[in-house]
């Protein structure tokens, strides 16, 4: 065998071939590789061998090893899942994976618009398609996730208004809330705004009472974390306008084929996540944060992200691309004066969402919204018929997600979920820890992928468990 | 030298002259149909729209293009061919980016439904495989860095820097020193995010410039800047110059003496795996970009992960949840005393973690060290060859070895011929190559940065060098051909006036139509 | 007409100037490691080699190249970009090939381990899903053709023709007429395999030429050739001309009257799905190329399937196993009375069958008919446009409609300018297009054959037409640019002397080395 | 909804848009599409709607529908399989699927060497790599499968020798035997040659007795269908040479890193299947037949397949490709005089095997051969230790496959296999139907993918069943 301890020629390391090493050392004028590390003081050199598992250099063994571990996971292909809250199992058109699996896109990085024209075009198209969907003029190359997009929206609001306080709706995702808090601390002060306990809608009086000249903006989500559709966007907008504060709205873009866009009820900054637009869930590993605004220069220059612009070249009818306001805005172009920072984020997912939106078109987005609406309302209804359950808990319109109130059942959501799991169902997300004020409640999510029989199955099992 | 394996290619990039997707719109064409609700459901709940508040029904349909399926596919396939991925070229010209082989087996593994179809809210028991992989990668990186705990929450290197700054801040808040310690020190050849991500947390960031001789951060400046106001230092080593700073331990000692936290930017640790570690260099935290050193694909700029390691005393500040093993099973620990909270909504970018895990497993301890050895060998081979090219030089530390990359300069070429780094960059595109200048500011004049990693053969390195020498010769004999490049790429000289002028810039197709078509 | 969607592209094919894989050899590099036997096994059985008869141990290692993994990947990825797949171009110029959209969802479905990891010897019970799909596709095709049973054993259209000839032969053997009936009739515009695959079975094949006016097979010749020696007729309809033969039923009646079997080559049935069927036209057998009409990808030339249908009376001659449903489960029926045996080792090319099944399921009855309608609409649209191009014509049946394709002619262009079909073909490559001439012999002078199928939009058809017109204009104004083409393709004029001269031809790299390097 | 019965705009059919249809009809000068079918007599027109299931135009529904059916299969990922006999589960390197999944290769077909340079080069490389592996000078673009390759080898032998009889070893795959018989009938006469019942080797006396001036060639396989390595190749060769008959040898190419090649013990034509070289099993759907010979013109001109040759172009140092002897040999180039026929076959699998061989190199091929040898001999040993089992049945060397004799157990292979299946094991192929002379015997196959514990598992279960 040719793998011996002192003779390790690895398929990933061509020049591990000893004869080649020799030739190269000769060119360099060094006796051995160790000599190349001469600047690293001996005291800093690692003397021992790193204690790592034995290498699985055979690809087959590697595959078998990893798959054996992965088989301990139970995917939601195997169970029926009603989990959502910002990440959900939407249908991923096969072409989305075809494109993001293309070696060219998968392994490109930071080339120039001259060699990576396709990457620039695809991301420009992503920006443009998202801009249509959320009905704004400017959208960024996607950042990490919705939480980051919301955090940056707050920081943009601060820089635009030069005020240091952000109001945030209480009914946003608890994960996002934690990210925003860390990201804004200690530069921005954060205060939460209450919701009506009956309807789940924003408590306008509370909002009003908290508006003052420190307030840079108010961030809320629509639909809210609880799937409730906020219908007073325009009222909120005029409250904010009167206070010269910005309206920042987070939203799930898969709702926007059918739901009014935040920009059309007054949002100054719209943000959210593209996970629902053609990305698998990947245990929460496939997310991308979008930020959209008008083309107001005061806004554009506050984006930290890359913004790809279209242009012409010196050849007739040829498109070119490049970075807009790169030197002024970005930390790449302006280390000390750049806005926040820019770096590797979620480009491949942005391209994927561009494919998704191109395939769906306006009709597809309308239809998928309608299907989700119908299926989720069917679930709301059917669960609502079960004795002692209140569904939806909040008396308002819902999209995709809704809260079911289990307080009257005398049972804990956690134990109900355990029982459901035995029936190969992941029930709704238990809200009792993050929102203790709701007692025993759970957040259910329905997408276009659920079938009627999935929902009936849930309802049947809930009935059995609660009877 | 011009053997068949390192020949200068007669290259031309694929050029489809492809339209913008909006230009392909044909009203009523369909790309795909989403499923409809079952008839029984429609019977019960109606069309769904009636459930919406009137004013919340979208009035104007989004102006997305309507394009049939094959045409959408064709469009993006063509764009893919317009993109020079690392799988296609000898991608050593994107210095600092650690472009290496991203094994296809790892892609395959990560497209398993046991990976793609997991929800982040799933019960711990149903994701034991995922948690095991995350935790074991933690164990591996502890061994590689010498530090005590890793978190994989930061979704990039910059986010890891932000996280380090957050931990530093929290640490001093708990100590009650947050008001005093409001400064951070970094160096000019560190990554820009070491400056800017720290600044996001409100820190005043001080910058140490390099010593013009050694290229290393100037020790005297360091000593001057460091004080009891210093919360932390953020430093890369080797910096973008590829020179290992032998004084690194002096710096961390100095920082510690002043009560500061030492944060190591090891986004790119490719040259030192198994050679030297954060621990021995005296760092309290470090991070690795899994999408660099650990081989996960760059994806045009993400998804990514900045794996962040800390020493024991900083465990209590880690973001939640932390993935741990309780002796029986893997858990998501949310009970961390002084946690900074979260820096990303979900626990980690799982496919990235998985690929990094698989990559390490295929190499083992020896393999990782071989990665470093060969990355350094390749780099010094290039150094030897490139400094022989007319017009090129490697500023600083003359005669010394470099670690994994080098920041070179075309200053002489420029003075002699007028040809700039940018010109050479565009001409390199004609041979199917990237060539990157450097991060601003251009301390090194007419800079270019090359990092070969372990992934390319000697023949491929020779091919790249051949192209550089050829272009240098062109610059001296026929500079116009260089200045007018690219000639064989998908696109030609771009009009830059559209990027900084608000009346022209078009960040979206609709802005293009408004600003340029209406006229 | 030159709107943005049908513009003449400034195209250049990807050109990597890539070496032959053997030229990339570096001794001792490794592409992959297979697994080793476990140590415990080695302990027990030794190195394995000792188990071999001495003289059966290979003495000279195969001279395969040694290339590291990323370089192998890069090599074949580059070659892929050198290939003009249907997913990339407007692939209407490979007439008779029925190039259409191969939905990606079907690829995805067929890469499921429940498809890839099935062994052909598995117990029926463990492959009920596979058998169900095969059987249901049989049911679908019965409906589409009107015939009574289908087999999916023939791995191509030509193999289906061979199978038909085998069935014919067996049929007459059982009847005791095999000695008398030793002739087969086909037509000159049928596919060459209708001739040659029948000849493999020992038949004397008679060819009916076309009527020079109508383009249809000459009825008088038919009548003369057919007799009680005729075992079968093998005929395509529409033939390569795209003209539907309205006398088809007269022909089958005539054949039947003479006791012959009627075999229908419906490899390409794209224009007549749901419109007209083998049954009504009087055929006893027909076959469909799943890789044409039913949308499975062509894969550079396979894998493929010729789905063969027969009328009831020929059921007893089908190859075994036949996939059937016994009321409870799907079975592999090996008990077929006069079976011809097998034409392929395993039951079917399952991934191809699966993709065809999925394709039909996505379209349904109406969708299939729409496929035919639009294929015919597109074809007649092209006919109208192309016959307006200077130098082009559509021989035969002037003023008549065509079904799914047309054999055109550049005869006038050639007479006027000297430019041949081959020249135009190579010039079309400069715009990213295929253009195919026709099967030999070239009855139509300077032929070219175009079949648009349903898969391309009007804009794409217009783009293709634009290129043809443009080249016609070039031919009249500047013929050299056409004759010297291609200019923008990956490769230039090839030296054909290496293909027919035994002292030069190099069918393998080792032959190249022997014949051309030694000198 | 936009899908209505009379308004069917399908994602696969762009011009199904009514407005576009109108425009095109106008250009054509037709009132409606029906008019375009004017040449089809009314009597031939289908009057009814085809009775097919309702279309699943939603991609998600299509996927769910097909996967539901496929879930009825039990793949050999789920069970441990010992099935072989010409198709086996070898490890498929991930890059093989990456390359054959590339849209460019997947959807190319019959273009010219000018636009499809990559296809020509990849298949030329396939030919060249296979030529090294089997040590010959000429290899074809792959045909359908081994059975076809063997059939064509027989026909080539006939044309080369102008004799009309082929001898065939009795111990070849029964499937291949049927294909050959049909393909050669009635043009060639076929007679089988016996094997020694002890050793499984070819009965040289029987062979000798059947050689006469009608015999074009003798076809045998090495290793045989039963995995037995024939060691008398040279003797067979000289018998044949003396008779001016050709030696045709079928082989499993994965054996050839380690086993001597047929050409080196006298094969005039070598053939076999590339399934073992990087192809998944696909229920027997991924096969490709190779044929290899010397560069003798008399042989080359008898190939029916395409043979791609390398050439130069008018640009310096540029490779070009084209078809060798196309007009003379092939039915494409020579309808009436072509050899057999050519058409669509297995090109994509040929490209895949080229990738496989490029990755493996000589060392990989050696190592995989060795691993298979070791693992299969381990299995032979361990099974042989079980009471009443004879393993291997034939007292000779084996590679990859071997016959186990169950006659002494008093049980039928079929019932033993049923019991194994309950333990999630697919046992060896039951030979009792195809080779009744072997009584209750089964053919087991071991590849590099089997682990020791897979084999031990089989042995344990056999022991239990037989105790």
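For reference, chains read A, B, C and D in written order, and residue numbers begin at 1 within each chain.
FYI, contacts are C-beta pairs under 8 Å (C-beta built on N, C-alpha and C of every residue); 3 or more make two chains touch, one makes a residue touch a chain.
Remember, it's a predicted structure, so these values are computed and weren't measured experimentally.
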Repeat of C-D among A-C, A-B or B-D, where over half of the residue-numbered contact pairs coincide, is which pair? A-B
More C-beta pairs touching across which pair, A-B or A-C? A-B
State, to the nearest whole Å, the distance from the C-alpha centre of chain A to the C-alpha centre of chain B. 19
Distance between chain centroids, defined by C-alpha means - chain A, chain D (Å): 47
Using CA atom averages as chain centres, what separation in Å is found between chain B and chain D? 45
Going by residue number, chain C touches two or more other chains at 7, 10, 13, 17, 26, 29-36, 68-71, 73, 77-78, 81, 87-88, 101, 103-105, 107-108, 432, 455-457, 460
Can you pull out the residues of chain D that are in contact with at least two other chains? 1-2, 10, 12-14, 20, 57, 59-60, 63, 91, 93-95, 97-98, 103, 315, 318, 363, 367, 448-449, 451
Could you pull out which chain A residues touch chain D in their complex? 1-2, 59-60, 63-64, 91, 93-94, 98, 103, 363, 367, 448-449, 451
Under the touch definition given earlier, write down the residues of chain C that touch chain B in their complex. 4-5, 7, 9-17, 19, 23-24, 26, 29, 68-71, 73-74, 77-78, 81, 87-88, 101, 103-104, 432, 455-457, 459-460, 488
Which residues of chain C touch chain A in the complex? 7, 10, 26-36, 68-71, 73, 77, 103-105, 107-108
Given the complex, residues on chain A that touch chain C span 1-3, 9-14, 17-20, 57-61, 93-95, 97-98, 103, 315, 317-318
